[in-house]
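Note that the chains are named A, B and C in the order they appear, and that numbering of residues resets to 1 at the start of each chain.
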Amino acid sequence: MKSKKLLSVIVGIMCMVLLAGAVSVYAGEAASDLAAIQDKGVLVVGITDFAPMDYKDENGNWIGFDAELAEAFAEIIGVDVEFQEIDWDNKILELNAGSVDCIWNGMTLTEEVAEAMECTGTYALNAQVVVMKADKLADYADAESMADLSFAVEAGSAGEAVAQEAGFEINSVQNQAAALMEVAAGTSDACVIDKTMADAMTGEGTSYADLGYAVSLSSEEYVVGFRKGSDAAAALDEKIQEWIKDGTMAEISAKYDNAVSIAEARDAAEEAE
Amino acid sequence: MSLLEVNNLKKSFGKNTVLKGVSFSLDKGQTLSVIGPSGGGKTTILRCLNFLEIPDEGTVKVGDEIIFDAAQTARLSDREIRKNRLHFGLVFQDFNLFPQYTALGNIMLAPKLQAASSPEMSREKNIPPERIEEYCLEILDRVGLADKKDHYPHQLSGGQKQRVAIARAMAMNPEILFFDEPTSALDPELTGEVLKVIRRLSEEKMTMIIVTHEMGFAKNVSDQIIFMDNGLIAEQGTPEEVFNHPKNPRTLEFLRGYTGLE
Amino acid sequence: MFANVLSALSIGFLKTLEIFGLTLVGAIPLGLLICLGAMTRIRVVKYVIRFLVWVIRGTPLMLQLLVIYYGPGLIIGDNWWGSGEHGRFIATIVAFIINYACYFSEIFRGGIQSIPVGQQEAGFVLGLTKAQIFFRITLLQVVKRIVPPMSNEIITLVKDTSLSRIIALQELIWAGQSFMKSAGIIWPLFFTGIYYLAFSGILTVVFNRIEKKLEFFRV
């Protein structure tokens, strides 16, 4: 009996080693990802329901700033576009497993993202803001005054990182919406979320009409992420620079109440580097 | 001529030899009681005869037909085993009634299935399927429970359950009926009704083997007594011989444990 | 607004029902097979099956969903399930069937082994075949014994379907959450509870009926 248990443990360990080995082998592969996407004829874009970047219109079609850009890019490389809602926690898993081709959903460039994905250059700007009950905003004018508040943040998010840096007492929850709910329910005093999200989700006409923000903790950059080593990132980046320069980006942003702050084009010197 | 002849039956479970060579015979219409201490191999004899265990050695003969020969066990198919089993009926210590059938349903189940699936094996060839219910009800009446025919086992007392079990075994019309300690699972006040039924069967010249601890009953009802000890027949004879003049000191010692025996 | 939420939740609930139904349809026969495998005299089969059951019952269903859906793409670099909702749905069904079959198999095994061997022997001495004994004698007794644990497990399945949101399958909870994420409206998420309650309520009634029906005898 004892030897059988031991055997099963050994088998279990072997399975894990095999798995790890296979993953690393796969990560090392470097064929043309762009060609592979063109081959299958569809660009699967991993998104969450995140206005104004990717969200559904009343007919259930995906629209938004990012959604329109993704459609444009798919057309250029000659494939269809397919939007796939994913669990944000699993975005790297989804990319590596090949169930999506890119993450294009107002994704903040963090160290983790840079490490795990092949990213384009910055195409839009964002900030992490502190959302709390609107009637308290006047009492907390800067980060220092918030030391005694409890914070809800999305696990693994940029907001969590800056809140930790600021030394706040934090409670990590599943997503940004849940963080907002914590504040609305009073289980946390405040939350740190994307400015883009805060703009869309708080104020009149939402469940969070009595929430608002005044303080930004950091500014950050939105990028599009592909599988590590993918050549599609560079191809898209080239288009992004074009779209920034020729005003396409600004035009699309205008359709969404200018909620997206477009990044500045990189200058020629930087390009040459 | 003997109806049943058992010759040199041996059976082991792993290292434990339970039957070490048992031989006996039984005439038609006789009642044989098997007595002896627990673990002496009494129950195993019945289980071997019913093919619930396959003996390691020995032969079993019913009439002129050798139904079992250990030297040739490999040749017995499931079907042959089933056919052989129908020579015998077995009444279990703990009844083993089927809980989801009524008293009458328990008795009718096997005759009906037999008539439907393998009529050629049925020992009740002369009973047409539509008469089975009537026939089974008659048998239930013989054990005095016709009025309980629609009762489920959990609605019957222990004694009534065992009487239904006896009727169930009788319904297959076996040549020999076996009882495996039929009253051991019963409260003392309920044993009487079961023993009465068995006694009447004995009077009606049903051929029977009864494994029992009811010494008084065995003495009164049997034509023949076997005393089993340690896997062997230690003593065999008429009730008078075994109970009143035992030759084997082990028999005497065992019988002394039962006071109240005249 | 209420109508919108209701229709979105109902679409999600339909998905939940599909997972529920297909899981039962697949897991009950597979569970029976695994149960037989776990009781077989062939040692190799028995130990392999018991090992599998141990692994499945010993790890969270959520983890199994992740491994089954993402595993093929990560390990062999080929996403078996295809992209899109359909692939996620198939992977979910596969994970649920395997998981629940293992739980069911243990219930079946317990049920079969709890029937006294005397029942079978009583059938044997009456000259019945093994098949006759199983279908006419043992089966109903096993059914009676396993109805209570099976109803527990099946009602748990209703709620477990929500785990499939981990691989972004858009079932009932997902549908409720999507209002929170997109429109900032919280109540639809909590309203999903009504669906779960109603459904498990119906199942409870059904199982009570079955138990009542089997009350005419005792095992």
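One rule holds for everything that comes next: contacts are C-beta pairs under 8 Å (C-beta built on N, C-alpha and C of every residue); 3 or more make two chains touch, one makes a residue touch a chain.
Computed from a predicted structure; not experimentally measured.
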Two chains joined by the most C-beta pairs in contact, as defined above: A-C
Chain nearest the overall C-alpha centroid of the shown protein atoms: C
Chain whose average C-alpha position is farthest from chain B's own: A
Between chain A and chain C, centroid-to-centroid distance (C-alpha), Å: 35
Centroid spacing, where centroids are CA-atom means, of chain B and chain C in whole angstrom: 46
Gap in Å, rounded to a whole number, between the CA centres of chain B and chain A: 80
Multi-partner residues of chain C (at least 2 other chains): none
Complex contacts: residues of chain B adjacent to chain C: 50-52, 78, 82-83, 85-86, 88-90, 92, 94, 96-101, 109-110, 113-114, 117, 121, 152-154, 168-169, 172
Complex interface listing, chain C residues touching chain B: 116, 118-119, 121-130, 132, 136-137, 140-141, 144, 216-219
Partner chain A, residues of chain C touching it in the complex: 47, 51, 54, 66, 69-79, 81, 83-85, 87-88, 165-168, 170, 174, 177-178, 180-187
Of all residues in chain A, those that touch chain C in their complex: 4, 8, 19, 22-23, 26, 29, 42, 44, 48-51, 55-56, 82, 84-87, 90, 93-94, 96-100, 175-178, 180-181, 184, 200-202, 206-208
